[in-house]
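Read through the structure below, which is laid out as structure tokens, and then see the notes.
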Amino acid sequence: MLKVKKLYKHFGGVKAVDGCSFEVEKGAIVALIGPNGAGKTTVFNLITGFIEPDKGKVLLYNKDITGMAPYRISKEGVSRTFQIIRLFPKMTVLENMMLSMQNVYENFWLSMLPLKQKKLHEAKMVNDALELLKFVDLEGKKNALAGNLSYGQQKLLEMAKALASEPELLLLDEPASGVNPTMLKKITNLLKELKKKGKTILFVEHNMDFVMKIADKVVVMDGGEEIAEGPPKKIQKNKRVLDAYLGKVIKIKRRKKK
Amino acid sequence: MKNYMILMSILLITILVVGCAPTEMQPAGEETKEPIKIGFIGPLTGDVAPYGEGWRDGALLAVEEINTAGGINGRMLELVPEDGLCKPKDATNAAQKLIEIDKVQAIVGGFCSSETLAVAPIAEEAKVVLMSPGSTNADITESGDYIFRACPSDALQGEIMAIYMYDEGYREVAIMYANSDYNLGLRNVFSKKFTELGGEIVVEQNYEQDAKDMRTQITKIKDAAPEALYLVPYPADGTIILVQMKELDVDLPVFAPESMCVDKVLVDSGEAAEGMVVSTPTFDEAAPKTAEFLQKFNDRFGYKPELTSYSANAYDVVYLFADAMKQGHITGTEIKDYLYTVTDYTGAGGKLTIDENGDAIKELILMRVENGEFVDLE
Amino acid sequence: MGIAAQLIINGIIAGGIYALVALGYTMVYGILRFINFAHGEVFMLGAYLGWVFNILLGVNVIVAGVLAMLGCAVAGFVIDKIAYKPLRGRGMLPPLITAIGISLFLQALAILIFGAQIRTFRTGEVVRGITIPFIDAIITKIQIVIIIVSVALMVALHFYIKYTKTGKAMRAVADNYEVASIVGINPNKVISYVFIIGSALAAAGGILVGMEQNLTPTMGVSIGIKSFTAAVVGGIGNIYGAVLGGFMIGLIENIGIWFIPSGYKDAIAFAVLLFFLLFKPTGIFGVKKGEEVSV
Amino acid sequence: MLEFFASNYALNLLILICIYVILSVSLNLIIGYSGMLNLGHAAFFGIGAYASALLALAGYPYWICFIAAVFFAGLGGAMIAYPSLKLRGDYLAIATLGFGEIARAVMKNWVSLTRGPLGLPGIPKISFFGLTLTTKFQFFIFALIIAILVVLFVSKIVKSPFGRVLRAIREDEIAAQAIGKNIKKYKVIVVITGAACAGIAGSLFAHHITFIDPTTFTLMETILIVCMVVLGGVASIRGSVIGATILVLLPEPLRFLGLPTSMAAALRVMIYAALLILLMIYKPNGIFGEWRFRHAKSKEAL
């Protein structure tokens, strides 16, 4: 479904992404892990078009979406969350949800006309939104301002928002980071549910046992390139992965005692 | 949506009532002993304030003199000055207030042509006399029966100087003017006449009225090496240009309209103004009425007005209004009819006759600056 | 050759003034990300104070200049404390409107106190400019003073910023307001210094223009917008950028109207401004200030 | 009291209020609802006025002049659309300020078209379908209707799904892009619509004052409109209507304070400026304000 081929992105001297390639099959949940500074979030931004790659290709169903404008990639069915939560703080939870839904009536002229279908569509969107909010049990908060929710609730809202546009591919940037255990369980169950629904998910995460529990496949990045790819069990024992995380084992030659 | 509309209009009305409530109603009351109000519109703040202040004080001086001399058949005269800011919007606001609230029948002003042209239709419609001591713009001539002025239209001044310069043998001339209505008006008339006579404008430079550094424009003129320069500034920027011309070693014969016929220019520009020829309505500061006016002005306000001839005109306009009212002409229409009969009125601003479309016919004379003084030419 | 040299000299003289005033804009913006619209009026106030001391009270011109600079420094300080301090952290628009309110207030105040008449420092007779040998451009004594004084003040500011404690504190606060306050620098004290120095420099510019040309209550308006453009072109927030921007605008303006009708003199400065904003928004020396996409 | 309302003085102010309501509501659409700090609004006001006046003087019927005013002002808006996309916050404010000054320089120097500083006197009265607005009262009714239509139009935009996306873009452009909103298209539409509305106000102004010249469309005019928006409250249509009403009426009572004649004008400006400063210090969010204009994307306002 999603093919990343030999992506390069250098910021001045820094080789953020250095020839990274991997694949995400349809319906699979793939984790993208690696030490800090491995270029995980940069890959995310390259895929979603916020940053232009120097070289390399991003293909969605073999359609080249490299360097397309973020809003057009989103329209292709790719939606994402951010490492630092990005909601519309001064707008209600419901509005946040409805904004993510496909709405032809957002066109300047159509939105002005008092069309019946528009009202129907608006009502339908509200229902779909409430359904999703129930799914992440934020239904009670629908009229609250997004900015007033707790951190965990905002995480859930951001995920629900990403789901609202019925995406083909869901990109989650550290969904489990900074959340208390009960919230973590909620998020884990949520992802399991999505897996059952056959959603394709690519997520970046540091929390290893969360990754091991959820991911079908794990892609490990270090120094801007992917060093290993495979099922979680295999990856745990992979030597290169351990070196990357735990650092290289260096033999220290002892000088012979005089 | 419907209640929102109602809310909005109610709010609009209540703010209005609050906003305008403190206006006391001022009935015209011919018989009652209330003072007769005449309006004044001129730039009292903003870029043109330096001149507006002098013009207002000229009118104020006349009103105070008339009142000390017993007023209009016993009724006192009151000047209501409003700030026109040399802008159409503010001038119309001021005019509406003067006409509707103060019920004035005659207004001294506007000064900038933009003020006069904006107020003219309002005054015409309300049958209130509008007499401008300083707007020379040619468009004012046909702007209405109730619209007069005490200064000649720039058509006259521009032509006279063009003819004089041509007769003096100048063929390749430069023009430098401030980029505002008075100056552009004079420039248009001058260049039309001068080219008609066969002369040629070799270079033209203009500048923003509040500019301070005209050195590059002067350098450009120097480069075109004209025989003479027709300079159309306001006094302040005119002084700077004369100074900067001297500093840049550009000694061209300079010709200018009445805006440079001002003592302050001579003082402030040191000897840089020497030899300058100026066209001006018969306004020589030595004339009895004019000298007396300047003396009284200085005693009362302690400064010499920038554009002295226009302050004197404002003074005369008030006296003309007073003369009309003394003969019982109180309403705007009566004052209007009286003004059309004015011929050879000698006031602080020199001899004045009003022609059939309200313009002032004033003989124009030429003066030259000789060792720091204006001296009559032929 | 003479004409080109003359244009360059004209540009440098005008540039000196723009640079002095631009420094005030850049220092305030560097720290508060706020365009001090009233700065032009401080320039005008400096000119009038200089005129009062020199002409009315007959004090020697240099002493008058210093007194005027002190006066404006106090004025700058007071303006900051009364009008800008309560609005710290209130977003961009309220301080912008307040600054405009102050600039209108000062203009009207000048008309009330000094009257609207045009004043000038010039007393003596106007003397011909001195011809600079072999490039035969003309410059007068006062203009030479303008260039010398403006460059001297800029150099003084450079040393002040580089080597004194408050100078370093200023750079720290400009770089990162929060971190500087944690490290023990009192940002409010630094902000007051910025307003004091910026206003004093603007006052110097005002006196120099007053000596060379004349004084009107609205003289601060057009000089203000031009100097502000210079600050942006040079790289808003960067001292050396303001100086370079000042001279650049001065030169481009004077050389520009050689080719296009002189009525567009002011428009040239804005065209340069638009060019820089679109293609190099950080200006020549400016540093990228967190504008790009921090995704 | 009623006789007072019929007086031209009051009607003149009412008409000015309608004109400035259109200007402040349209600017609020750009600044308040889309977060684009635009300091060039007076330029569109001027373009609309000149377009309408020039065509009216050339004898065209008023509805053509009206459409021309809207069209050319919108064209002006399109011209600053590019910088509005590329720049943010202060930089956008400075760029639009520059555009406004250049527009005024063109008005002042393109003498062959606009007669430069001489201005355009004698702009004919408005007449359409045989009906001519002769009295000030008729003109006021016409202006009021147009003002109400513009206010409804803008509030419709803001309350519609289109407006919802606008507010999202104002809150966080990155997030808006991430959910598939083409923010460039939205911004361009808003800038052009705002400019076109300013053109309408320009046309009304030209035919009301019957004389226009470059001195009216200065930076200070834009600042006046920005003050109306901020005073009324950013992102509040009601706020802009009230803000415009207050700032048009504010200087009027000052005329009647009986200040000593020599200082009256300067004192009036001082009181006006002092009120402005006090309002900003004690009511920085404006009367109806609910959204504070923050710096680019820094979390706290600096």
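Remarks
Think of it as A, B, C and D in the order they're written, each chain with its own count starting at 1.
Convention: a residue touches a chain if its C-beta (ideal position, glycine included) is under 8 Å from a C-beta of that chain, and two chains touch if they have at least 3 such contacts.
Keep in mind it's a predicted model, so treat the numbers as computed, not measured.
When chain centres are taken as C-alpha averages, the shortest distance to the whole-protein C-alpha average belongs to D. More C-beta pairs touch across one of A-D and C-D than the other; that pair is C-D. The geometric centre of chain A is 43 Å away from that of chain D, both derived from CA atoms.
Averaged Cα coordinates give chain C a centre that lies 30 Å from the centre of chain D. Centre to centre, using the average C-alpha position, chain A and chain C are separated by 50 Å. With centres defined as mean CA coordinates, chain C is found 35 Å away from chain B. Contact of a single residue of chain B with at least two other chains is seen at positions 44-45, 49, 179. The set of chain A residues that touch two or more partner chains comprises 50, 82. In chain D, the positions touching at least two other chains are 108-109, 174, 265-266, 269.
By the touch criterion given at the top, residues 156-157, 160-165, 167-168, 171-172, 174-183, 189, 291 of chain D touch chain A in their complex.
Residue ranges of chain C in contact with chain D, taken from their complex: 29, 32-33, 35, 83, 86-87, 89-98, 100-102, 104-105, 107-109, 111-112, 177, 225, 228-229, 232, 236, 261, 263-264, 266-267, 270-271, 273-274, 277-278, 281, 290-291, 293-295.
Listed in rising order, the residues of chain D touching chain B in the complex are 1, 4-5, 7-10, 12-14, 16-17, 108-109, 111, 116-119, 121-122, 148, 151-152, 155, 205, 209-213, 215-216, 238, 241-242, 245-246, 249-250, 252-253, 255-256, 261-262, 264-266, 268-269. Put simply, chain D touches chain C in their complex at residues 31, 37, 82-83, 86-91, 93-95, 97-99, 101-102, 105-106, 108-109, 174, 219, 223, 226-227, 230-231, 234, 263, 265-267, 269-270, 272-274, 276-277, 280-281, 284, 292-298, 300-302.
Residues 1, 4-5, 7-8, 11-12, 15-17, 19-20, 22-25, 44-45, 49, 56-57, 60, 79, 81-83, 86-89, 92-93, 96-97, 99-101, 113-114, 117-118, 120-122, 126, 137, 139, 143, 179-181, 183-185 of chain B touch chain D in their complex.
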